[in-house]
Every structure is written in structure tokens, then in C-alpha cells.
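Next up: some structures, all given as C-alpha cells.
One chain, chain A, appears in both complexes that follow, with chain B as partner in the first and chain C in the second.
Coming up: the complex of A and B.
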């Protein structure tokens, strides 16, 4: 099947961000939108992520972006007319502070979150153990908990967006790779794909790890890079805890999924900076050490398998939203640095507003790509 | 701690034992990993005498071949180490193999690997297929021939391939009655000599039949079977009930290739070989350099071919490390000839068709 000869907007990337943007634009009545995916939907970072959704952030902007997204997901099935279920379970996030310094920061975080209407609470280790009985209370000094955080099915969510977008007329092309972008006089003229050329003046670069390569096709340098992240999954166990347990200094996120398996992940800056999705043994060793320390009862759980995906990183671990400088017609929605899945509704809303020149629901003008050259980085410390 | 060694062989069945023996003979230091508490793999429960030529141990029982190969490996002393109760749990990008050895986590980094993990039994979907008393045929054979446990009193066998036929006969030898052998295909898949034995003992072989369901309170008490048409649908009013306390599923095997997937070997789904199998060259080396394969993990055949493949893989893995004896050329030629002979004839047509799709390089 060949692509259409022209389109009002071409969205590159069939992850959750691309699909959400396609739906959001089509839902505003925009016609002739084309969505291009070089593989299958959710095959990149979306389908390999830890699937957590949280509003407990240290920076106000991230709190607001997450809050917007959570409200959307709460009604996601209805808004998107999805006959299956995006499986949003608000089973909470419990974040542990390993030391006093972290605990102090957590107090500030909770104050900020509460002021925005996010119902997080500050807990003693004993209170935390009432929520997650497996925790060793000697291993942390405090915790925060937000019941409205939770997890979501990445495949169903992406599918829900894609199907809703198609019903509104978006033309979706899987296994269709972008191989070139034609620019004339500083303006995008067309997108060349493996299934033909599409004349268009607007391109949304939501290609995740490949966003840099897409930018380069149009002569734009997008300062993103990829890094591998790994996750492991245990055999199914009796249900013992439902929130995502997270620790920033501990470098862990861990959750028991509904069928009983426990999944956990961590960050490691020695991981390769390329697209490989193979697995490493060091990850298993480090991961199981941390897990056994914080949740000692899990020492005896057998690891069933591991998988890997990649984060599309930026220097400050924050997304890039907005137009590409010096090139008319390319909008960026990339560099999510490990939290693109949970922010998809906000991403879709904001990028659509930028394209249509409407006022922004949340001011993300400082998350433009120019911040790296201006050295106005926006740091968020509450990340794994 | 990281163990370093020339060659790790994963799996101590016929293929792995031959690979380890051949490589040790050539001079390589070998570590053999066996998940079970004893060597031999499927050979241990093969109490029947083998066919083929003398080279493939014709007229010797499988269990005796296993002992012979294990003893030979012992004779190499320090050059060949065997870890029993050792499961290879991971095969990583940097060539490290992680092992659960008697409950202790170990890491091994070999220069070459022969993966000879064999196969697992396929299963069938039907209502109540999780009732106690429903086993794979291989499991029943293990219970009887390795552990001396009688699985029940009256067995319904599903599948008339060689394993279904042989296990039926062995069940009768153990004093268990076989109610019937049910086969979905219109003809018997196994050798006529095996089929003849069970038929003479009065066991009906019902071709173009399938199992519809199992029933029982605490465990299997009966099964419902029916005739099927050419499209594998049950024909109405041909249903009948068979009283039995064991249902034995013998519907084929599928390669145990998880480690090869994890190692990044290029795989291809080939139904004629039982599932996804690794592409390999004529040295049995996969697309990942230094990773060799032998036996059922390369595609479902039988123990004789597995032993020859093991010989070839061990020979080539050792040779690639510089352990190349004077007899290398002769041994290689002999292996190739034996494999061609084992795969000749009409019964091996499926295997030949499948193998034609596995070549790389």
C-alpha cells in the first residue's frame, strides 16, 4: 500500500506519543493526517517501558504534565471510545527516601504536589510498611505515597489512541520508514518513505530514539541520544503488594503486576548508548542485590526473563517540545528520557496547540530544543 | 567469580555427551552442564535397543550408550569437568553463561559453546487438560524407566508417532493396560515395526481421531474421543468415552532454543523441524561466532543423529581453537556421511525438507 501524495501533517513515530498526537489533532478536526511507523506500533520505548504512571515529581512542570495525563487516563477508555481496556490501575506509587537529605527533599515535594492538588502523603517507614508489608523499614528513613499514581497497559493505550485516530480519518502506515526529508528555503516540502513520497509542510518528530536521525534528514541537530535500560521479571507469586515501589538513591522501581509476576528496573550509566536490546548479567546481579536489601522476602523469587529497551535521553532528562529552530514545519516531541509513556496525553495536547498556534494548556516554552544551546537546562531530580 | 574455559557444552544428552567427548579427545578443556542429576538426557529412559549401523551403537540400549559416553568422559580426567544439577539460566551478549549449580549462582566465560539443550514436549488444548493423570509421553517414560513408578492402570495414548508407540509398548511391559492409541493423522507416523508390536498385543490404533475432553473428580477417570474429518473437525455422533486413569500426550517435540534466542542467534520457524531453530553453517556454527549447536535443538530428529551432530559440533568447536587432530578430516567426512545415511529414506523426508531451510553463510 502506497502512502498518499500529500498530507496536512505527517507524524513520524508510532509509539504512544505519535499516536496520541495524531488522535489529538484529528479530534480537533484536522484532516489528511498521516502517521508513519517503521516497525509496528509500540515497538520502541513504549512497548518496553515499565508502564508506571506517577504525579510525584520534584519540579512543578512535571507535576502538572503528569496530573493532566492522569486525569486523561482515568477517563481514557471513554474519551477514546476503546472497547477493550487501557487497564489504568491506580494502585499507587510508594517512593522511599534512603537518607535524611532525600527525606527533606520529599517533604518539599509533597508540599508542592499538595499545593497543585496531587494527593500525596509523607510517611514514616512503619506507615510505608502498612502499604507494602515486604519493605525492610531499617533500609529507609521516610517515604511518600500517592494512591492516584499507578500503572497502565502500554500496548492497549497505544492501540486505543491509534484506533481512535483512524476512526477520525488519520491514515496510519506501519512498516513504513522515513528515508528522507526535503527542505526548500528553510521550509519542509515533503517526506520520502519506503512506500513513496508525501508532500507536506508540517512534520511531527515523535520518533523517540530515532528522533536525532530524523532531524538530521532535515539538517537539524536534535541533541538526543539513546541509552539501553533493562527490566527483569520474576515467576508469578501470590499477590503481596500493589503499588510501584521506587527509590531514587536506591536506583530501583519495582512492582507486582496483576498476574503475580514482579517486574523491576534500574538505571546504569555504563549501559550502551545504542539501539541494542540484548540483555546483560550485571543488571541482574545489581538489580537483585538492591531488591533483596529493600524487600528481603523477594530473595527467593526466581527470575524468569529480562528484556531491554532504550530511553531517548536529553542532557537534563526532560522532554523536548516545540518547533525545530531554523526550519519551518518540524515540531519536536522527543527526548522523554524514560517518562514519555506516562506523559503522552499532555504531550499530545501541547504539541497540537503549538502546531495550531493556540495558547498552551501548560507552559512548556522552556522545554524547547534551544535550551541546550542557551544552557538553560531544566533539571528534575526525582528520576530513576 | 568468572570461570574461564575452552568450551562449555550445555546439555548432557546424546548430542552434548558426544560433543564434550570429541572436544576433550581433541585436547580442549571442556565443561559440561547438565540440568538433571545424571547424564544421558533422553538416552537414560530409552530401554529399547537402537537401530542403525554399528557406528551409531545399533543393538545397544539407550541407557547403556549413556553410561558408555559418561565413562568415556570421565577418562579424560581434569580436561573434562561435569556439573550436574546445573541449569544454564542465561546466555549473555558478552558470551557469559550464568548457571544455577546445585542452588549456587555461577558465571562461566568460555571461548566456544555447544548448545545441546534438546527439546520439550508439545501439549494439546482440550477441556480439563490440567487434571492430574495427564502427562507428556516423555514424562511417563521417565517415571517408569528412570524412577520405577507406574503412572496408572489404564492409559489412553494420544499420538502414534514413534514415541507414542514405544511408550505404549513399555507401559504394557510394565503391566499397565493401554486402552487405545489415538492419532489425528489418517496414518500412523511411527515405524511399522513399533506399530506392529502394540497391535499384536491387542491395542487399537485409531487414526483420524482426536481427544475432545477429559473428565474426572480428583484426577482423570475418562476421556471423550471422536473421529475427525480432513479439516480436523470432530464428526458428529462419532464420539465415544474411554475409561482411563492416565492420558498420555505424545504429539511431538519442539526445540528448547531459549538460550540461542538470548544469545542473539538468527532463528527461523520451520514447522518440519518442530519450531524455531537456529541457522547454522556446515560446521554447525550459528550466526553468533563461536556458538555451535547439536541435537534436537537444531530440529527434532532422533538420538542417533543427535550423537553424530554432537560429534561434529565438538570436533569443529575444538578445531576452531586449534585443537585439530590428525583424524579431523576423516572424522568430519565420516560424520557427514553418517548424517546423510541417517536422513535418507522416505521416513526422513520431512527432516530433509526442513534442514534445507536452515543453512546460513
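Coming up: the complex of A and C.
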């Protein structure tokens, strides 16, 4: 199956961001959109992520982006007309503070979140244990909880967006790799793929870990890099706790998903900075150690599988939204640094508004790619 | 007259129709609520604030069609079954109506039904293109495709006794890989292919027909292969089913990734002697 000879917009990347942007644009009546994916949908960061959705952030912008996205996911099956289930379970996020300093920051976070309408609460360790009885309360000094956070299935969500987009006329091509981008007089002219050439003036670079390589094809330097992240999953168990339990200094996120399996992940700055998705021993050792400390009862649960994916990182661990500098026609939606899945509805809304020159629902003008050169980085401390 | 018959007049309907541009753009909600009654779930349930807030709960709903995406949540929550989702954007001589349907049995996707107008008369045939079971609204939303000129008339459908399933309108079918239909229609369909997760051959075949033609894609959507055996049993079986249905050699079907540990191991095993 060859690609069409021309398109109004070519979206590169069949992860959740690319599919959501395709749907959002088509839903506004834009025709002749082409979505390109070099492998299968959700095969990069989306399909390998921890599947958590949260609104508990330390920076106002992230709170707003997440809030917009949660409201979308609450109605996701209906809005996208999805006949399966995206499995949005608002089972909450319980975030533990390992020390007083972290607890002080958490108080500020809750105050900010509440001012925006996010219903998070500050808890003592005993109150936290009422929500997750498996917690060892001697291991933390305070916690915050937001019931509206939760879990969402990345495969079904990506599929729901892609199928809704296709019903609105978007042409989706799996197993179709971009191999070149033609630029003339500073303007995009066409995209070359393994299934033919598409004339277009607008390209959305939602290629995640490959966004830098896509930029390079058009002669633009996009300051993203990849880092491997690992997760492990246990056998399915009877329900024992439902919220995502997270600790920033503990470096853990752990949740029993609706199916019964317990998923846990952590970060490690010594992980390789390349596309390796192999599994490592160090991860499983560190991960099980932290897990046994915080939730000792899980020591006897069987580990079924570990897997790996990569974060598409930026220097300040914040996404890049907006036009590529010095090149007319390329819009960036990349560098999500581990939280692209949960922000997809906001990403789709904002990138569509940028392409169509409409006012932005949430001001993200400071998340442009130029911030790295200007040294105006936007830091967010609440990340694993 | 509406007050006597419960049927709105043509003029009343025409006054509610969006502009031709909006109608061509995509699905929209058609609110056929004509009497002031104390009722507002449509307005409070709309995720896009397209059904405007009511100052007085008796007000007739007003809709901002620029915000409406035709998602159908209002149609599912309206206790009067007075909201329909109309999609006239296809441009191929057909259009679709989404109807809140409170009866059992539900029709199947692809099934032929009799299209019924507001008076209750059969005015032609229709094909069911979607049956959406919403956890949120609890009312099934059934979308039927009808001839363009009937889209503002059809508001219900009757099931046909000898049901016929016609796949003509399903866009998925065009991409369907070549299949051996006689082989697919046997009782084999009930065989459990993935024993850890209880996934039947029928589910696997349905997914292959829908265009999921790699082992990993099928695993991600159905969970086949995610259980304790880690696809050791079902993985090769799924690969051979894909090969059979798509006509590719089985050697060319990419297997799913194999991951550590080789067999399930308890968390405490990994702690070693180094535990603090």
C-alpha cells in the first residue's frame, strides 16, 4: 500500500501523541491528514510506560496540562467512540514524602493543586495506610493523595485515538518509515517514506525518541535524547491496593493495575543513553529492594516479566511544544521525559491550536524549543 | 401537533438544523427537546460545555455547535431519549444517526435493520455501524447508516426476525487480509489459545481481521501472552494463525520479545544477601 502523493499535514509517530494530534486536527474538520509509524502503534515510549495518570505536580503548568487531560480521559471512550475500553480507573495516586524537606514541598504542592481545583489532600502516614494498608508507615513522614489520578491502558488509548482519527478520514500507515524530509528555501516541501513520497508543507514531529533524527533530516537540531527506563510486573493477584504509590526520593512508582498485576518502575541515571530495550539485573535488584522496604508484604509476589522502553528526555524534563526554529512547517511535540502518555489530550489540543494559529487553551509558549538556547529552563521537581 | 402526537413538525426540526457547513464538517448532537421541563443532565454531562449551562432548570437546552464534537454523551444521559447524533460528513450518499437504544437484544455491528421514523413507520433499511456500550451513561448508543435523505427522519429501528449481517458498510473490511472463511467458521473458535489469560481463537481471529497482524499487537490489545507462561504456548500458535490468515510464511511473522525472568520468581529472591 503506497502513501498518498500529497497531504495537508503529515504526522510522524504512531504513539499516543501522534495519534491524539491526528484525531484532534481531523475532529476540527482538517482533511488529508497522514499519520506515519515506522513500526506498530504504541511501540515506543507509549506502549512501554507505567500507565499512570496524575494531576499532582509541583509546577502550575503541569497541573493544568494534566487536569485538562484527566477531564478528557474521564469521557475518553465516549468522545472517541471506542468500543473496547481505555480502562481509565481513577484509583488515585498516593505520593509519599521520605523526609521533612519533601513534606514541606508537598504542602506547597497541595496548596497549589487545590487552588486549581485538583482535589489532592495532605496525609499523615497513618492516614495513608488507611488507603494502602500494605505500607510500612515507618518509612515515610507524610503523603499526599488525589483520588482523581489513576491508571489508563496505553495500548487501548492509542488505538482509540487512531481508530477515531481514521473514521474522520486520517490515513494511517504502520510499518512506514520516514527516510528523508525535503526542505526548500527554509520551508518543508515533502516527506520521503519507505512507501513513497508525500508532498506537504506541514509536518508534526511526534516521533518521541526518534524526534532528534527526524529533525536532523530537515536540518534542525532538536535537543532531545533517549534514556532507557525499566519496569517489572508481577503475576496477577487478588486486589490488595488500587492507587499508584509513588516516592520521589524513594525513586519508585508502583501500582496494582485493574487486571491484578503489580507494575513497578524507577529511574537510574546510569542507564544507557541509546535505543537499547534490553533488561538489566541492576534494575530488578534495586527495584525489589525499594518495593520490599515500602510495601514489605509484596516480598512473596512472583515477578513475571521485566521490560524496558525509553524516555525521550530534554534538559529540564519538560516537553517541547511549538514550531521548529528556522524551518517553516515543522511543529514539535516531543521531549516528554516520561510523562507524554498522561498529557496526550492536552498535547493534541495545544499542537492543533498552534498549527491552526488559534489562541492556546493553556499558555505553553515558554515550552518552545528556544528555551534551551535562551537558558530559560522550566524545572519540575515531582518526577521519577 | 407535538402536544397531541409527540411528533415535532418539520418546521420545528428545521429550526434546529445546523448550518450546511457545520453539517458537512462532522458529527453533531441534534437536540429534539421541545418542552420546558425541569431536566438538565445533557448540559451538566457535556465534556465540552457545548450544551450551555441553564439559568433555569426548565429551559430548553441550547447548543453551541462549534464546541460539539458529536461524542454522544448527552444522547446517552438524556432521560427522554430526545438527543441523536447526526453525521452527514461522509459525502457518499449515506449518513448516520446514533440512537439511544434501551431494548434487548442489542443489534450487532453490520446487522441490517428496518429504519423507523418519528411516527413509528418503517421508511427503509439501515445498517448498524456501531454499538457503543458506555460505562458512563449506561444507555447503549447504536449508530445506523441510512440514505442521506432519511437522516433527519430516522429515529428508531426494528430488528429483523431472520437477522442478516451485511458487512458492506464497515470500513475495516476493505483492509481485511485474505481469509479462508470456511475454516474460520468452525467450532475451533471456542478453543482457548492463551491459557494463562483465557483468550479464545475467536478473539485472536477477530483481531487479525481488524488489522492486528503482529504477535505483539495482539498481545497488547488482548493480553494473550502476558501471563505466567510468557507466550511460550500461545506465541507460536498466534504466529501461525497470523500466517494462515494473511498468507505470509510463518517464518516472517515476528515473534514477541522474550523477557527475563525465564520463570516467575518471588520478589524476595532478587534481594540477595545485600538487603539492608
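Please note the rule applied: the second predicted complex is superposed on the first by the 384 of 384 C-alpha atoms of A that agree within 3 Å, B and C clash if a C-alpha of one lies under 4 Å from a C-alpha of the other, contacts with A are read in each partner's own complex, and residues count from 1 in each chain.
Here is the rule we use: contacts are C-beta pairs under 8 Å (C-beta built on N, C-alpha and C of every residue); 3 or more make two chains touch, one makes a residue touch a chain.
Computed from a predicted structure; not experimentally measured.
Contact with chain C, but none with chain B, is seen for A:168 once the two complexes are overlaid on the shared chain.
In the superposition on chain A, no contact is made by A:103 with either chain B or chain C. Of the two partner chains placed around the shared chain by superposition, chain C is the only one that A:307 touches, whereas chain B remains out of contact. Contacts of A:362 after superposition: neither chain B nor chain C is touched.
When both complexes are overlaid on chain A, the residue A:383 reaches neither chain B nor chain C.
Looking at the superposition, the partner that touches the larger set of chain A residues, chain B or chain C, turns out to be C. With both structures placed on the common chain, the touch criterion links A:276 to chain B but leaves chain C unconnected.
Contacts of A:27 after superposition: chain C is touched, whereas chain B is not reached. When both complexes are overlaid on chain A, the residue A:284 reaches chain B and chain C alike.
Comparing the two complexes, residues 279, 284, 303, 306 of chain A contact chain B in one case and chain C in the other. Of all residues in chain C, those touching chain A in their complex are 25-26, 47, 69, 71-73, 76, 130-137, 171, 214, 216-217, 220-221, 223, 226-228, 230, 257, 259-261, 264-268, 270-272, 274-276. The touching residues of chain A, counted against chain B in their complex, run 276, 278-281, 284, 303, 306.
For chain B in complex with chain A, the residues that touch the partner chain are 89-90, 92-94, 96, 98, 107, 262, 264. The part of chain A that touches chain C in the complex is made up of residues 27, 29, 40-43, 47, 71-72, 74-75, 77-81, 83-85, 155-156, 159, 166-168, 234-236, 259, 261, 277, 279, 284-285, 287-289, 291-293, 298-307.
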